[in-house]
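Two complexes follow with chain A in common, the first pairing it with chain B and the second with chain C.
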Partner chain A sequence: MANIEKQRAILDFTLAALMRRKGKNAALLVVYTLVVAALASVMFLTKSIRSEAAAVLADAPELVVQRMMAGRHELIPVSYIEKIASIRGVKSVRGRLWGYYYDPVFGANYTLLVPQESPPEEGMVAVGQGVARSALAEVDNIMPFRTSQGALFTLTVGRVLPAGTELVSSDLILLSAGDFKTLFGIPDGMATDLVAEVSNLSEIPTIAAKIARLLPDTRPIARDEILRTYDAIFNWRSGILLAILSGALLAFFIFAWDKATGLSAEERREIGILKAIGWDVGDVLMMKLWEGAALSLTAFLTGVILAWLHVFAGGAALFVPVLKGWSVLYPSFHLTPSIDMMQLAVLFFLTVIPYTVATIVPCWRAATAAPDSVMRG
Partner chain B sequence: MIVLNQVSKVFNKGRQNEFVSLREISITIPRQQVTVLKGPSGSGKTTLLSIIGGMSRPTSGRVTLDGRETTSLPERFLAALRRETFGFIFQQFNLISGISILENVMLPAVPNGERHAVLKGRALELLAMFGLEARAAARVELLSGGEMQRVAIARALINNPGVIIADEPTAHLDSKLSEELITIMGRLKQEGRTIIMASHDPLVCEAGVVDNLVEIRDGKIRDSAPAQ
Partner chain C sequence: MNLRASTIFATYTAVGLLLLAVIVIDSSSRSATDRQQLEERRALVKSLSLTDLVLFTDARYTRHPSMADRHTPFQDYPLSLEHFPSGSLIPPPPHVRYYGKH
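Presenting the complex of A and B:
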């Protein structure tokens, strides 16, 4: 109990002492908070985009089979469906039609896809939010395309896809198989790739190996591999951002180190007075520990809250062009809060602990000196 | 009783700028009396006070307080001794600026771990004793010299110490305030406290409240006698 009262009294004095150098400490607090907020923003954004992508891709096909020619993705004959379906453990196989279309009018790349379930009627399309924004397309508007032969080909917007799936549907246009084949000149009996469902997920690697043996000109891709690719992309992008931020981080560390390690003549004198009137080295160090902890914990908590607001309420306006770039159409959607506690802990140990320790070290020397210097004014 | 036996203090020992501040000082300071260390600047008064008060250690010799040796105490115990046994009034008052009078007075008691309300009550009582209770929340830099002096005395008394050590307490005071300080010292003596002051101010040295006068020059005791 006495120790709690003692700590409380030391903390009281520390806070009163901090308030005396309002300007200097406020400047440090602002810079410290902004650095934590920037780093935490990158962490929150990367983590929640990855979680979002993983959640959306959870419905992706378990196995995709592409045909390769000269190392490039080539159209695959639908006759392969039967061959793959004959492999034990394969539940179903179907062909998919999808591709990319460059719209020279709006300078945008669209992803065109024929959905398996309830595709749009002939002559109709469903468009993603990004497409709707960039092409100013609303329901019942006509969208002009050029076929592979150069002929004008118009389709009518039947609906706009919901915003919830925008991360992966921003640049998407859904259309019927007939329209797709007409637009790209794809012959009958061909598909872009095949997707397979398997009965037992743990058999996917075995089935993929069997497909590769049975059809040597194909490349089976498992869903896990796609997820890993997304992970790698976002890690890479957040790495770029962190590299840019590392300059700011370094500047902060120099600033904080200077502030924390440089003990002013006034601070030295105060330590002398405290020791002279009966504080021991431990009490003085405890005061400095509280000072460092109060400042850095405030900065850390404020920074994390600011980052939360920036990312989840403000749509991460500052970093989104780097982290969410998707074709040339930027998706705009509300991120679902998702936080990696491990990353937060790392941020805590990289900011709060070093700063707190840095405040104690210079104080140690001053506190271990004999207090009689204060007697000499 | 505070006994100093063959106490010497050498600064920067073994270096070019070595300086002997005290030379084999032996002296006995009785309890519950006022003892004044008298001497010119640089005579070693302040060094002697800091050794008596446990703020620095002698290079050689021993100091005992009521029969208990204090010179070889570890730093932690020495800090506790400074806190519990001694109350210090410094020449420059050494109040901490930017915080209130009340906070300044409470500072020496912070490491005790007392309940905040109890400590605050005691600090306010002391401020009331010196007519400063109305200014408890004021910051120290806004005080006059006389008020600073009284705050410094209140701070020295917060842990109810048996010994008050004052270094040139009248150096920055006019005659009226100096006399006021001497009156306060007389009151503290009546309460049963031991008072040790370093001063070369005749007002202090010749005050009726002083029991013993110890004259120091060049780090040595020239004369030690009961005050006239």
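Presenting the complex of A and C:
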């Protein structure tokens, strides 16, 4: 009990000392909090996208087969379906019709896709929320397109896909196979790629190898590879964001190092006086430990909570301009929070511990010297 | 009543830790609306055989990164530099990087 009271007294003294240098410490606290908030926002956003991808794409096609020609993705003949279906272990194969359309009016790229199950009637389309927003399209509105021959081709919006599916459907336009072929001039007997279902999931690598051997101009992509793509997305090497953040982090470390390691003449005198009036080295070190902990813990807690609000309540608004790039059509981010203790622990050890430790070292040097020599400088 | 500075600090820290615990617990379980939306998304992915999330719509290899081929970072010719900002945000998928090595 006496020890708790002693620690409280030291903490009171430390906080009062911090308040004496209000401006300097407030600036440090604000910068520190913003650095933690920026780092935590990146961690929260990327982890949530990865978790969402793993949950949503668990039902992605088991095997996609693309045809390659001159290093590019080419249309695949539907006659390949029969060849792939003849491989033992393949349950079903079907062609997918999909492609991109650049809308010169709104400057947006759409993904056009023909659904296998219940496609829209001829002349009708179903559009994603992003398309509806960017092209100002509502149900019963007409959307103009240009065919591959340059002719005007209009389709009517039959429905808008649910807002909850935006993360996978924002830029989608679903249409009938006939309209798709008219629009792009795709010859009969061709598909964009093929999707295969297999009887036993563990046989996918073997079947993929057999497809590649049987049809050397094709490239099979397994569901595992799709999932791994999103597992590796936004990793620590993901370019520009890391470059920006590392600059900010380095600037902060220099600032914090300078603040924490270089004791001012005033602080040295303060330590000398404390020692002269009877504080021992342990008490002085404890005071400095509390100082570092108070600043860094406050910055950590506030920064993490700000990051949560930014990413999950504010739709990562500050990152959107970076993430958007040149995209005109962009999904609104309403991610499900996915945060674990591990992430918070990493952030804690990256931010709180180094600062707290950095404040101790110079203080220990000053605290172990004789009080009169410290006071004289 | 004059509160001691240590009491204010301890209260702030306790409230912060509590909020942190709420954040972690909240993210470990999806709400009914979240679960329903996830089911909707999964159903759409299954029925349309979708392969990618709509994160970027500027370049085809960032709209469908899992479907990208080995040549897409160079777009049109071997020395064509990356010019879409989204291309510098996401790395090439592992199966493209290690294609042919296993």
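Methods note: the second predicted complex is superposed on the first by the 345 of 377 C-alpha atoms of A that agree within 3 Å, B and C clash if a C-alpha of one lies under 4 Å from a C-alpha of the other, contacts with A are read in each partner's own complex, and residues count from 1 in each chain.
Keep in mind that, in the parts below, a residue touches a chain if its C-beta (ideal position, glycine included) is under 8 Å from a C-beta of that chain, and two chains touch if they have at least 3 such contacts.
Since this is a predicted model, take the numbers as computed values, not measurements.
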item	value
Chain B or chain C, by number of chain A residues touched	C
Which superposed partner A:K275 touches (first chain B, second chain C, both, neither)	first
Chain B versus chain C as contact partner of A:A2, first or second or both or neither	first
Partner chain in contact with A:Q116 - chain B first, chain C second, else both or neither	second
Chain B versus chain C as contact partner of A:P371, first or second or both or neither	first
Touching partner for A:D188 - first (chain B), second (chain C), both, neither	neither
First, second, both or neither for A:A16, with chain B first and chain C second	both
Which of chain B and chain C A:A294 touches, first, second, both or neither	second
Touching partner for A:E82 - first (chain B), second (chain C), both, neither	neither
Partner chain(s) touched by A:D283 [first = chain B, second = chain C, both, neither]	first
Common ground on chain A, meaning residues reached by chain C in one complex and by chain B in the other	8, 12, 16, 19
Of all residues in chain B, those that touch chain A in their complex	46-47, 49-50, 55-57, 75-76, 79-80, 82-84, 88, 90-92, 94, 96-100, 103, 106-116, 119, 155, 159, 167
Chain B-facing residues of chain A, complex	1-6, 8-10, 12-13, 16-17, 19-21, 269-270, 273-283, 368, 370-372, 374-377
In the complex with chain C, residue positions of chain A that touch it	8, 11-12, 15-16, 19, 49, 52-53, 55-61, 64, 66, 68, 71-73, 96, 100, 108-109, 111, 113, 115-117, 128, 130, 161-162, 164-172, 174, 193, 195, 219, 221, 225-226, 228-230, 232-235, 237-241, 294, 297-298, 301-302, 304-305, 308, 322-323, 325-331, 336-341, 344
In the complex, chain C residues that touch chain A	4-6, 9, 12-13, 16-17, 19-20, 23-24, 26-28, 30, 34, 36-38, 40-58, 60, 63-67, 69-71, 84-86, 88-91, 93-95
